[in-house]
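Letters A, B, C, D and E name the chains as they come in the text, with residue numbers starting at 1 for each one.
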Amino acid sequence: MNILEIRNLSVKARTILGTASLLSIQVLDLGAGEILGIVGESGSGKSILALTIMGLLPTNVRATSGSVTYRGQDLLRSSARGLSARIRGKEITMIFQDPMAALNPVFTVRQLLEEVIKEHHPDYDSKRVRGAALEMLQLVKLGDPEVTLQKYPHELSGGMRQRVLIAMALSSGAKLLVSDEATRALDVTIQAGILKLLEDLRNKLDLSTVFISSNIALAATVCERIGVLYAGELIESGPAREVIADSRHPYTRSFLASLPVPERKGQPLPIIAGRSPDPLNRPRGCSFAGRCPIVEDRCRAEKPPMLQVSDGHDVLCHKGGTHQ
Amino acid sequence: MTRDSGTTGALSGDTLLRVEGLKKYFPVRGGFWQRSVKWVRAVDSVTFNINRGEVLGLVGESGCGKTTLAQMIVGIYPPTSGRIELDGIDLGKSLQSRNLKTKRKVQIVFQDPFWSLNPRKMVRDIVGEPLVVHGVALGSTVVRKVGDLLEMVGIDRARLFSYPHEFSGGERQRVAIARALALNPSLLLLDEPTSSIDTLSQAEILNLLIEVRNRFSLSYVLISHDLSVVQYLSDRIAVMYLGKIVEIGDTRRVFRARLHPYTEALMAAVPMIHASGEVSDVKPLEGHVPSAINPPPGCRFEARCYKRQDVCAVEEPPLRAIEDPEHLVACHFTNV
Amino acid sequence: MAVSGDLTFQRRAGRALESSRTFVKLLFRNRLTGAAFVVVTLLVVVALLAPVLAPYPDDGRGVVNPSERFQKPSSEHIFGTDDMGRDILSRVIFGTRISLSISLVTIVAAMLIAIPLGVIAGYFGGFIDEILMRITDVFLSFPPLLIAIVVASFLGPSLENAMIAIVIAWWPWYSRVIRAQVMAAKERPYVSAARCIGTSDWKIMFSHILPNTIAPVIIQASMDLGCVILTAASLSFIGLGAQPPQPEWGLIVSSARTYILDAWWYSVFPGLAILVTVLSFNLIGDGLREVLDPRTRVR
Amino acid sequence: MGKFLARRLFTGAFVLFVVVTVAFLLAAVVPSDPAEKWVGPHATSEQKAAARIELGLDKPLVVRYVNYLVNLVKGDMGMSIVSHRPVSVELAEAIPNTLELVIWSVALAFLAGLFLGVYSAYKENTALDHFSRFFSISIISTPSFWLALILQIIFSSTLHWLPLTGQMDTVLKLTHPLTEVTGLPLLDSIITGNWTVAGNLALHMVLPVLTLSSFSLALTARMTRSILLEVLNEDYIRAARAYGLKERVVLWRHAIKNVIGTVVTMLALSAGNALVNTFVVEAVFSWPGVGNLIARSVMNLDYPAIIGVTVFAAIAYVLLNLVADIVIALDPRVRLAQGGN
Amino acid sequence: MKRKLMAFLGLALAVTLLLPGLTGCKKAAEAPLSVTYVLYADPMVDWDPARSWAAEDVMMQNVYETLVRVGPDGKYIPLLATSWQESEDHLKWTFQLREGVKFHSGKVLTAQMAADSLNRTLEMGKSACYIWDGVEEIKAVGELTLEFVLERPLPLLNVVSAAYAAYIYDPSHTTEWYTAPNADGTGPYKFVSYVRDSEVILQKFPDYWGGWPADKKTFEYAILKVVSEAATRRQLLTNGEVDIVEQVPADDLAALAADPNIKISNEPSYQQLYAFLNTQKPPLNNKYIRQALSYLMPYEDIIRYVMLDTATQARGVVPPTLWGHNPDAFQYTYDEAKAKELLALGGKPNGGFKLLYTYTAGDKNEQRVGELFKDALARVGIELEVRGMTVDSKYNLARDPDPLKRQDITMLYWWPDNYDPQGYYYSQFHSEEEVGFNLGGYSSPTVDALIEEAIDISGTSIEAAIAKYHEAETIIIEDAPAIFIYCENYVRPYRADLMGFVENPVYPNVVFFYDLYKGGD
């Protein structure tokens, strides 16, 4: 059973230079208890996807069509007020790329955490709120929670901040966690710790997770399924192993082939020329047509369809599934 | 024209750069009169050398001092103490003390290709400036030479009169490389050269760097937090932790042996996709990097180390050769 | 704003500004800014052609015409006449010259003092910086108008002295802005790159850094053009600036004060002239800032 | 924090010292003979000479300067050469009146400006936002002296709602004498329950306060709006919303707390500007405050008084800067910068 | 907490803004009768009656008294002195003081106190003390008898009635006490309170020797209110908030005259406007050029457009209502043709030179005279720079040791310190070593001698003195060291229900509150 279903979603922004098409997803599903990886380079629309699910898009950015359905409720149709009252923060929650920026610098950890707990448990007295706060900090494996509670965000290290943020995110008892590059600002050793924590929490709390990352290897280590974004479009999605070992979209393939992995040491990497299209000025056909090694005329003329390669493995390509 | 970079050992070639006991302490200002009272030991007694045509990769977590080290070699920061020799000549403390001749031998390519090119200048001026400053070319020859340089890095000569904002990130990085190459340096410092550009462009830059290295027999100091880039490009690798080199040696050997527990933890934490499509698992390292203001007296990694014993807290392990004279490790217990 | 890393099109918009055509297009997208530009252009034309455009150029120069005192606005005197029978429209038109030149001259003078000092202090730091910062500390510890009042009162009331006072009050602000910008810019990699290449300090300062730091100063200056007009008018109003019969707007309003009950037009029109001019400069400054620096800060 | 404030106090003292020195030197080099003013134009040269000694002008400049500094520390700013009264006394009479004007206008600017700014930011790009922005920038572009005149034309000359000028009806002083408690007339009248006088004072205060606060108000509104817009776009606001906090809490607790420090800082500095603007406003409204005092002193070249007012303004401004610094220093983020860099 | 604070502030603000609506409208009906006189600037500069020499007389003439006062008609009115006698040789005067005069402090006036206070004034030597030149001794010769011993004959009544330096006050107070500010005189009103640049409040002195008429509604309080804005002054008057207003701009008079509730007192004064010509600097060192300028002053336009007929063209040195005026003196008129002839005589037939006209910045009348003069001069090829300066810098420039550095034309108003033309002549046209008020630097031995003689004999024979003055005046007019522009009227609008107000040019701008009472119902 899918906890989240995205269909024909299109997100656009009004900017001083014109209308920018930021995100376009035909089909994307997230099963209950599943970790779904969304990978893509910066500017590919990953964060927009996160904000769309959360209903937190900036004022000049709007989902213009399609649906984002959470347990049968279309999040795009709910009014902002209704969304926040019923779903956002209660059912769906989010952690952010830069925990320092996501923790209000003028409050202590205690104030931040207790406020969220009080919001969701209005019946708790202050003692119980305090207890719950400590519990949450223990849950995210923060050593010395009593001390941590007294601190301001800037007094914590990057990893601790991210754990505090996760504690806040999970205080509501949400079932769906959107993690927007939650480890990007962290060193690799710390990053690995957070990944472990997310896996633990998923198991412990039966949490479904949208794990957004620019690092496909990272996503592959934690996710069952992966979706690849390129220039705001979901071009391939499927089981993680399959997408990596048997990728069908030329972009995914080029991308993986150009990684400087140890086995390629001493060999030149394959080169894909060109740059990703301007969101203000999308090409008529396939977004990747300008760089694609197997491009055909129709790729430049018409938008490619989403083709199923195998069960749960879709690819957005005119030549979907066919190796050259 | 590729060659197996693995064969170039430190002993086999002639030494280009010698760095000896290099230190950089930054003052922490405090107190009523803003007098410095504490020091951040960003780089603490670092010694190594690089051969002609060799690529040394510097890895370590943020704040380990790798960027400071590189910038000292280029001369952007004067070192607190220590010696930097290029071709046997002492480079002196700061840029001011270096003459044009030595300056041109060491050049740098920065991480952020947006800010490393002056946004108000045309490519001709950006790449041509070193030529003009050093009197290598004048007038129309500048344009010709800049054109040659651009072509060498794979940019159309016709774009001489474009501004940086008209280029993509990868192209900008090529322009930066062209500028660095304009003076025929013998050593190029690459400070995270690909971390701000997308993966597809990264491949181009890496290819270009290898090509250029081979063509001019250049040496690189490559700084990157991305271990895959480092292992791909470098002949030797130095792992830094809290201002010190904890392990240094041939890239393949270090990647395989991982003698220092920190190297081990670092490499275990990096997720990697192998050419086969296999994905390696990650292992976290517990604890936090201690402050560089008051580093622990013994081994700096002591607090987070699983091999930790009493001696580690009091005695600083020296950098010594294990197995191979070129593979140095600073750990008391590499044999255990 | 880490989460909107995806909104790189906004950064791209910033880069697009490097091309001047886009820049102008963006600037004029805001209709108010466009209108302000038109108004300022008109004001400049009016100032240049004052003797041609003014219906009674002699009145603008101060020639009195006592038999036509206090004429209500009419087709003959669109803004009416003042207590000496002069055509107020002509005086306001001639006043454009004074106000525009005050603002331009003082701002340029302040910048000429401030920019070299700010660049040098910011680039070299150390002792020079320390001295400059202590000086600016003192100046910044005061409202500019107060400095202007004190200086003007010591120098004696005249338009020239008011301008000197304004320059004295203003330059440290620019020095500060420039210095901060230079401090930030000198950490940019392209400066390090230039240093590694061996480019001389002077060339780095004035060829690499200055062009990249000038934008905030330009924004500040465009706002200050209006602010200076206000300050000068205030000084004239309290008797420390222009002296009669100069057609300075603040001075005209000051003279009109006495007749506020019977001759509303006398104070209303020159006051409106100040308002419209300053408003235009402020709108342009706002527009520039919105385009050049989306993270708007208000001084 | 303590050290930080100590350093700021030190800087403040330095600024004051420079101000006093510069003002004193300026007064000394300006070609105007205080002695002649002291005795008047008809005086004989013997009288002038006596006056020079009386005023200490016969002593060398350095001695006069040191004397002035010593006296200043004791609170003695010398005698006005025009009114022959101690400058400190004249200042002491004028300050409360100005202070009351400034306090009320700053309070008004803060409340109304904050409200307008928050509302404008929250309704970004609506007609109301556009109106409020245009209103603010127009107010900022309006010369305060002209605004004062226009307000007078409307509310006094035409509508007859409010008095044209002055601080209170003189007759009331006789019928309802005011007991002095704090020295601030309106506050005193409220404290002592002298409602007739309080009402009258307030009535007279409306136009000056409106004029004086207009600039700060508009500035506050603009500032609040732009910072709030920035803050509302911060991740921690997104986070607060993402964690289900109510919009009211997000706006008035999380967002405002990050805005208010900057606004208060700016307002503290703009209070200094308001102080100077009183020079103009007091002139128009015949308000017996510091502005009026300096206007008169400037016209008469009464240098001791000019220096006195300048020093007072400097002290006020240094104090306000200090307030701003304290507000900044209270922000935990600054403590980070203080401790950690 | 913060929200509460803000709410409180908001509430407080709202209350203060709304309060007026509730209470402010009800004017206190039980208020005692008061009269308010509005001035444009704070009159109180120096509170010491011995030193006061500015507009303080507006207040002091009501709080302090002199021995004698000069009435509007020029007659001497006994005040603290009930009678006086002059000795045969004119060198000794005896004044009999009024009995039972009380100071505000309650002390009773004695001749000794009167002598002491005048002697203190003389010792301090400030302000207008020069008027006592020629008095050798002032002493009390009886409980209420005051004797003045003179060095030379003087018109002593004009001295003891002066607006400055002639007050009788309690000499036992210290200078500090007086400047506190305090006042202790014998006048009909006592000093109550003072707010700088705002107001002086005086209260009826119940023990005033003159008593208070029971049948008239005299004023319990007299208030001097400072309102620098002319428009406000006018509005306060039309609203009925004040009773008399000083120096309303002539432009407002038409509107005020139309108001039935307002009367306007428009009386000639002793105040004349002079334009001093720098007689020591070319080209104005040439008599013909100076005469030419005198012919070029557009007198009629000035009277009509600047003064709106609240002034008359000056005739000679002395204003028409003061003794010593010569109704037959020569009067220049605007005459371009004559001026051109004179310019030719002076060697400048086509003008072609530039002059600097300096006036006190802020003085509209001086400024406008300058602007009109500039126009007139431009017609004959003379360029006039009209420059406003602070009083100080204007004087400093005029007193520059080097006459060539001084301005060409300096504007000056003159009015007497006492009822005597001597100041007009001596201060303005007698040679000076250092420039005082002879701002043209005029020096003529003949005129000097005539003025000195006139002053000397004024103590014995006014008529003889007048003759001498006229003789000097003829020469001065011929030499034209100054242009005599106009003699102002004092224009004072007041509420129609205010009774008893009479303009007294001897004491310019003073309103004698004792004479006033409320008319009507």
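Please note the rule applied: a residue touches a chain if its C-beta (ideal position, glycine included) is under 8 Å from a C-beta of that chain, and two chains touch if they have at least 3 such contacts.
From a predicted model like this one, the values you see are computed outputs, not experimental measurements.
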item: Given chain D and chain E, the chains that contact each of them; value: C
item: Number of steps on the shortest touching-chain route linking chain A and chain D; value: 1
item: Chain located farthest away, centre of chain B as origin (C-alpha); value: E
item: Mean-CA-position distance for chain E and chain A (Å); value: 87
item: Chain B and chain D, separation of their C-alpha mean positions in angstrom; value: 56
item: Distance from chain C to chain B - Cα centre to Cα centre, in angstrom; value: 48
item: In chain D, residues with contacts to at least two other chains; value: 152, 157, 233-235, 238, 283-284, 299, 301
item: Residues of chain B touching at least two other chains; value: none
item: Multi-partner residues of chain E (each touching 2 or more other chains); value: 229, 231, 235, 362, 390, 393
item: Contact set on chain D toward chain E in their complex; value: 31-32, 37, 39-45, 47, 82-85, 90, 93-94, 104, 107-108, 110-111, 152, 156-157, 160, 164-167, 169-176, 186, 190, 195-196, 198-200, 202-203, 205-206, 252, 260, 283-284, 286, 288, 292-293, 296, 299-301
item: In the complex with chain D, residue positions of chain C that touch it; value: 1-4, 32, 134, 137-138, 141-143, 145-146, 149-151, 153-154, 226, 230, 233-234, 237-240, 250, 253-254, 256-257, 260-261, 264, 267-268, 271, 274-275, 278-279, 281-283, 286, 295-298
item: In the complex with chain C, residue positions of chain E that touch it; value: 229-231, 234-235, 249, 251-252, 255, 301, 304-306, 361-362, 364, 367-368, 371-372, 374-375, 386-390, 393
item: Parts of chain B lying in touch with chain A, wherever the complex brings them together; value: 2, 4-6, 61-62, 168, 170, 198-204, 206-207, 210, 225, 227-229, 231-233, 252, 255, 265-266, 268-277, 279-286, 288-289
item: Residues of chain B touching chain C in the complex; value: 71, 74-76, 95, 100, 103-104, 106-108, 110-112, 115-121, 126, 129-130, 133-134, 163, 165, 176, 179-180, 183
